[in-house]
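When the chains are written out, they are named A, B, C and D in that same order, and each has its own residue count from 1.
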Amino acid sequence: MHVLDYAADPPFDVVRAAHAELGVADLDASARFYVDLLGFHLTERTADALYLRAMEDTHHHSLVLRRSDLAAVGHLAYRVRTPADVQLAADHFESLGCETRWVEDAEVGQGPAVRVHDPIGFTIEFFHEMSRVERLLQRFDLQRGAQPARVDHLNIQVPDVQRAFEHWASLGFRCTEYIAQDDAQDTLVAVWLHRKSTVHDVALTPGPGPQLHHIGVWVADTDSVLRTCDALAAADFVPSIERGPGRHGVSNAFYVYLRDPDGHRIELYTYDYYTGDPDLIPIRWSVDDVRRRSFWGHPIPESWWREASTICDLDGNPVETRQPNVIEEPVAVD
Amino acid sequence: MHVLDYAADPPFDVVRAAHAELGVADLDASARFYVDLLGFHLTERTADALYLRAMEDTHHHSLVLRRSDLAAVGHLAYRVRTPADVQLAADHFESLGCETRWVEDAEVGQGPAVRVHDPIGFTIEFFHEMSRVERLLQRFDLQRGAQPARVDHLNIQVPDVQRAFEHWASLGFRCTEYIAQDDAQDTLVAVWLHRKSTVHDVALTPGPGPQLHHIGVWVADTDSVLRTCDALAAADFVPSIERGPGRHGVSNAFYVYLRDPDGHRIELYTYDYYTGDPDLIPIRWSVDDVRRRSFWGHPIPESWWREASTICDLDGNPVETRQPNVIEEPVAVD
Amino acid sequence: MHVLDYAADPPFDVVRAAHAELGVADLDASARFYVDLLGFHLTERTADALYLRAMEDTHHHSLVLRRSDLAAVGHLAYRVRTPADVQLAADHFESLGCETRWVEDAEVGQGPAVRVHDPIGFTIEFFHEMSRVERLLQRFDLQRGAQPARVDHLNIQVPDVQRAFEHWASLGFRCTEYIAQDDAQDTLVAVWLHRKSTVHDVALTPGPGPQLHHIGVWVADTDSVLRTCDALAAADFVPSIERGPGRHGVSNAFYVYLRDPDGHRIELYTYDYYTGDPDLIPIRWSVDDVRRRSFWGHPIPESWWREASTICDLDGNPVETRQPNVIEEPVAVD
Amino acid sequence: MHVLDYAADPPFDVVRAAHAELGVADLDASARFYVDLLGFHLTERTADALYLRAMEDTHHHSLVLRRSDLAAVGHLAYRVRTPADVQLAADHFESLGCETRWVEDAEVGQGPAVRVHDPIGFTIEFFHEMSRVERLLQRFDLQRGAQPARVDHLNIQVPDVQRAFEHWASLGFRCTEYIAQDDAQDTLVAVWLHRKSTVHDVALTPGPGPQLHHIGVWVADTDSVLRTCDALAAADFVPSIERGPGRHGVSNAFYVYLRDPDGHRIELYTYDYYTGDPDLIPIRWSVDDVRRRSFWGHPIPESWWREASTICDLDGNPVETRQPNVIEEPVAVD
C-alpha cells in the first residue's frame, strides 16, 4: 500500500483525534503540572480523576488523568461524526476479529462509546457524544502557562510502521508527510495522517510498540512555548523539558517536548498548515535528512528516541511490546 | 432560515475560498505593496497581471492583480473538490437562472473554470485544476513582511444579509458566528460561514452591495502583523494602515486592515480556531456589544464602515449596488 | 536654553526614575487591576496602601497605591546615587526657594528621603535607601499579565514645556527626543529626558499642569502588551484600554495606554534604545508629523490629550493647574 | 580581589563595548551571512573589508570583517567618553608596560584610536571619534533577518579568570553576575562586567586564552532569534546554528549561538535587565547549577565549550594561548 492511498469511503467517519486517558500516580502532582504550569482548565475532579480541557474545547474534556499504580495509557479516543458511527466502528473492529467493549458510564461527561483493541495493539475509543461546557477561548483572563488551545494529535509508536499505516489508512486517515529510507522500496520509517485539515490526527513512529510516544497539544504562538519553558524551569521542573524548543521539518511545527510527572510525553507546538485539499501530495523526507525532525539541526536526546508510555488493554493490563522491524537512527550535522 | 441551517448535501462540493482577481492601476505599485512590503511571492508576471501566492500555497496563485482602469473586483474564486464539481456548479447556477460563463484560458496556470453571476450579484468562479508550483512554506530565507500563509477568506458586503446567508448556506456553507439585533426576530446583521475547518471561507457584512469588503490573509503570528505595520509606516504607507492591529471578538482573530494602492482592503490576521466538529454551535454576538468587532473596544474608522470594492459582472462592467435593509451602527465604549 | 544643553555637573546625582504614589479609592479594586491583571507583585499590604514591585526590582517597591478620597498623585520619586545626594537635593531646592520636607517614616521599606515642591509645581521625592527584597526576574512561574519589568519613566504634563525643560536639564537630565513647531524659534512642544541610558526618566508634555500624564512601565516584549489587552477585555475592563497598542515615533516604543480604576494612566511599552553615549544628538520631530506619536498613523483619543492626574502638594492638597502656553494639536493622516 | 570590587575612579572612562574586527576568508560569503541572513546593514565596503552596523547605531560601524588568510580577531574595541580618554588609555597601558600603538587611519570612518596589547593578551582598541551615519532604528522597511539592534558585548576566553577580572575591574568594569565553585575560596569560574547599564560589556569565560569566545548582538525580541534560525536552516546554514535557542540563567538572555562562515561565534540574544543602580549586588551562580548557562537544562555542545577565535597581536600575528587554571565542566540534568 502506497502513502498516497487511503480509504476514501471508510467504514465509519472519524472527525478528529479527541482525547487520551493517562494513568498517573498523584492527582495533585498532575494538577500542578497540567493546570498550574501548562494551563489546562479543570472541568471536573472526581475521586480518582482530573478531567481537563483546552481553550478551544466546547465539550467536557480532552485529557483524563486517572489515579493508577501504572503510569500507562488507559485509552486513546477519536471522535466520530454521528452516534451511528460509534456502532459502525464497533461492527468494523468486530469484523476484524478485534475485541470490543462498550463503555456507557466509564467516563464522566461522555455518552456511549466503544473501545477496541485494534490490530496494532492499541486501545482506541470511538465516541460521539460529550457534555457541552463553556468554551474558554476568549477568557484570556483565565489563561495561564502555555494557554493550550486543543489536543491536536496522538503520536503512537509501532513496531511495524507500514502495517500500522495500512490499518489507519483503511479507516480513512490520509498521509500528509512521511519519512522513508532511500532504498529501492522507499521503506516507510514514519508517517503522519490526518482526518481534520491539519497535518495529523495520528502519527506513527517506529519503535517498540504498541506504545504512546506523545500527545500533541496545539498552542497559539511561539511565546506560549517559550513561556512554558521559563515557568517550568523556575518551578524546578527542568528535567520535564526533554527536547526543544525548536522547529520540525516534518509538519513545520515549532515545538517543545515535555515529560509529565509520570513520564508521559506532551508536545506543545504551534503552526502546521492547512491540509484539506483533495489533491494534497504527501511530503517525503529522507531518513538521512537531519532537518526532517530538527529543522535547525538540533541533536535529539536519547530518551526521546527510547522512551514511551505503556498501553493498557481493555482490562487495564499492560500490553507487551514487540521490537521494531525498522529503526530510525539519529542524523548528525556535519 | 435559521443560522443553524445549511445544506448538508449541497449541489456541488466547495473545498475552500481560493483567490481573488483585483483590478489595479499600476502593476509596479501593486508589486511594491504586495510583494516587497506584504511578502507575497510572485509566481508569474504577464503583460497585464501579477500572479501571487502565499507560503502555504501548493498551486499557481491565490491573488491576481490585473492592470485595469477600474479598481474593481474581476472575480472571487472558490475551489471545488473534483473536476465534475465545476460542471455541477455551472448546472446549479443555470438552474437558478444565473448567467454563467466557462473560462478555459482566462487565467494563467489554471484549468477549466466556470464563472457565475450569483443571485446576490457577485461574480464567483468555481475551479478545480491549477498548476502545481513549489510550496515555499519552509523557505524562510525568502520570507518577507507579513509572511502571508494563505488567502483564507473573502468578506463580502451585501444589502440583504439574511438573503445572502440563505444563498451561501444552500451551497453547504455553515455558520460559525453571527451578529444579530436584540429584537424578537433576532435579525441577522452579519454572518461568518465556513467550508474548510476554520471560522470562515465567506463572511457577509451589511452595507451597500454587492461589494468586496476585504480579503482575509492568514499569517503565522502577531509579530507578522506588527512588523508589517512598522514596515509600511517606514516606507511611507501610513495611510494604508486603516484599522488595528487589534483583536476581534468574532473569530478571535488578531488583525490589521490595510488598503492597497488602489483602495482594496486586505486583512492580515492570525489565529482563529478549529470548526470542523459536526455539532458546532454558532456563536451569537449582539450588535450592541462593542467587543464583537473590537474586543479591546477600539473605535472603527468611518472608512472601514463605508468603503468597499466594486464588483464587476461577467463582462467586466461594474455592478450597481443597492442600499442595505439593515445597518450596523458603531458601538461606543462607555 | 537649547535642547542640547543640560547640566553636565548637576547639583546632585539622580540615578533614575524610581516610583510613584497614587491615591486610589479602593485597594481591592486596585489590586485586581495592578496585581491580578497587570501582573505587578505585591511586596507588602498595609492598612492603607499596596506596595508593588516589578520583575527587575531589587528593592521594596516601585509603585505605591494609597487609599485616598482624592484620585491624585502623592509624590513622584527619583533615586539618587548616594545618601549624601539626598541632602544635596534638599539643599538645592531650598536654594531655589522651594518648600522641602524630610520624610523619615512616611513610606514602608524606605530610608530617609526629601520631598520638594519643585518650581514647576510637582511634589518630587529624592531618596537613596530602600529595603532589599527578592528579585523576581526569573520567577517565571509567578509571572502574570504584562509581566512588568520596571517602572521606567514618569511623563508629566506642564503648562510651559520650555521652562520645565530648563528646570529638569539643570538637574542633569539630558534630552533624547523632542517635538517642536516648525517656526523660527523651533518652539519646544514636548521633550524626553534621561539619566539612565534609556530614552527617558522624565517626559514633559504640554497641557494644563502640573499634572501626571502617565507612568511608563517597561515590559519584555510585544506579547506582554497584547496579552494584557486580551485579559483586560475578557475581565470586563474594556474601558481601561485607552490608546493602542501601537508604535510610537518618539522613543520607538511599542505601547498601550491603560486607565486604572481611579483614572490614573499607565503606559505599558517595550523596546526603546540605548542612549548612554556622550555625543547623543536628540531626535527632532515636527509637531506636524503624525508619526511622532503614532508611527502607524492611529488617531489618538480625546481623553489621552485632555485628561491627567492631579498633583498633591506636600500637605496632600491638590495643586491648581495653569493653562498651557503651547498646545499640541492632533495630526490627521491624509 | 572580590567580585564586589572595581575601580570607582578608573584611569580613563570607558563608555561601552563598541566593535570587533574579524578576519574572514571571503567577503562575499561573510556578506551573505551577516547582511542577507542576519540583517546587519552595510555602511561601506572597501577593497578588503565590510563595515557593518546595527539598527541602533548612530556611527559608522560596529563590526568590521576584514579579508585575511587567518580567521582571527584583529582587535576588540571599546568607546571612551572623550578624545582625552584615548590618550589616558594609552598612558595607562604604557604604565602597565603594555605595548601600545596609535591608529590614525587604520579604520575607515573612525578618528584617532590607540590599540594596546593588554596584560591578558588581547588587542584592545580605545577610540572616541567615529563618523556619524543615518540611524536605521525605524527604517523597518529595510530590516531583515535578526534585525540586529546593537553589538552589546564581547565575551572573551581567558586562562585565568580571577586575574582577568582584576584587570577589567581596574578599568572600572563592575561585576553583575558570576559563576563560582562551591569551595572555601568561592573560586571564580566566569564573570560578567559592565560599563553601560546592561548586564555586560565584557564577559570572562574560562578556557585556553586569550581567545574571543563570542560577540553578543542584541535583538529586539524572541521572534528575531527564532526567525533567524528558520532562515539559516532554509538557506543551508544548519551547521551555523551551534547552541540554542534557549534561556540563560546568567544574564536572563534568550539566546542563540551561531558560527559564521569562518567559525567566529555570534550570540543573538534579547532581554537582559537594567544594572545602573549604585548598590547592585552581583548574582552568584554555582558552577554545579545547570540553570546558570541553560536555564531550561539544555545540554551544551562540545564545540561551544572547546572552540574560540584566535587573537592577533598588534602586528597581526596570532597570540599563543595558555591552558586554563580552572575548568568549567558541563552539568547534566538528573
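We take it that a contact is a pair of C-beta atoms (placed from the backbone, for glycine too) under 8 Å apart; a residue touches a chain by one contact, two chains touch by 3 or more.
Keep in mind the model is a prediction, meaning the values are calculated, not measured.
Here the chain-to-chain distance from subunit A to subunit C, counted in touching steps, is 1. Listed candidates were C-D, B-C or A-C; the one reproducing the A-D interface, defined as more than half of contact pairs identical by residue number, is B-C.
With centres set at the average Cα position, the gap from subunit A to subunit B is 33 Å. Centroids of subunit B and subunit D (each the mean of its C-alpha atoms) stand 49 Å apart. Our note on geometry: subunit B versus subunit C, Cα centroid distance of 44 Å, whole angstroms. Of all residues in subunit B, those touching 2 or more other chains are 138, 221-223, 230, 232-233, 295, listed in ascending order. Judged by the touch criterion defined above, the protein chains are all mutually in contact, each touching every other.
For subunit A in complex with subunit C, the residues that touch the partner chain are 37, 138-144, 221, 223, 227, 230-235.
Subunit D contributes residues 15-16, 56, 58, 79, 81-82, 132, 137-138, 149-150, 196-198, 220-222, 249, 252, 270-271, 273-274, 276-278, 280-281, 295 to its touches with subunit C in the complex. Chain contact summary for the complex, subunit B toward subunit C: residues 222-223, 226, 229-230, 232-233, 238-239, 241, 245-247, 254, 290-291, 295-299, 301, 333-334.
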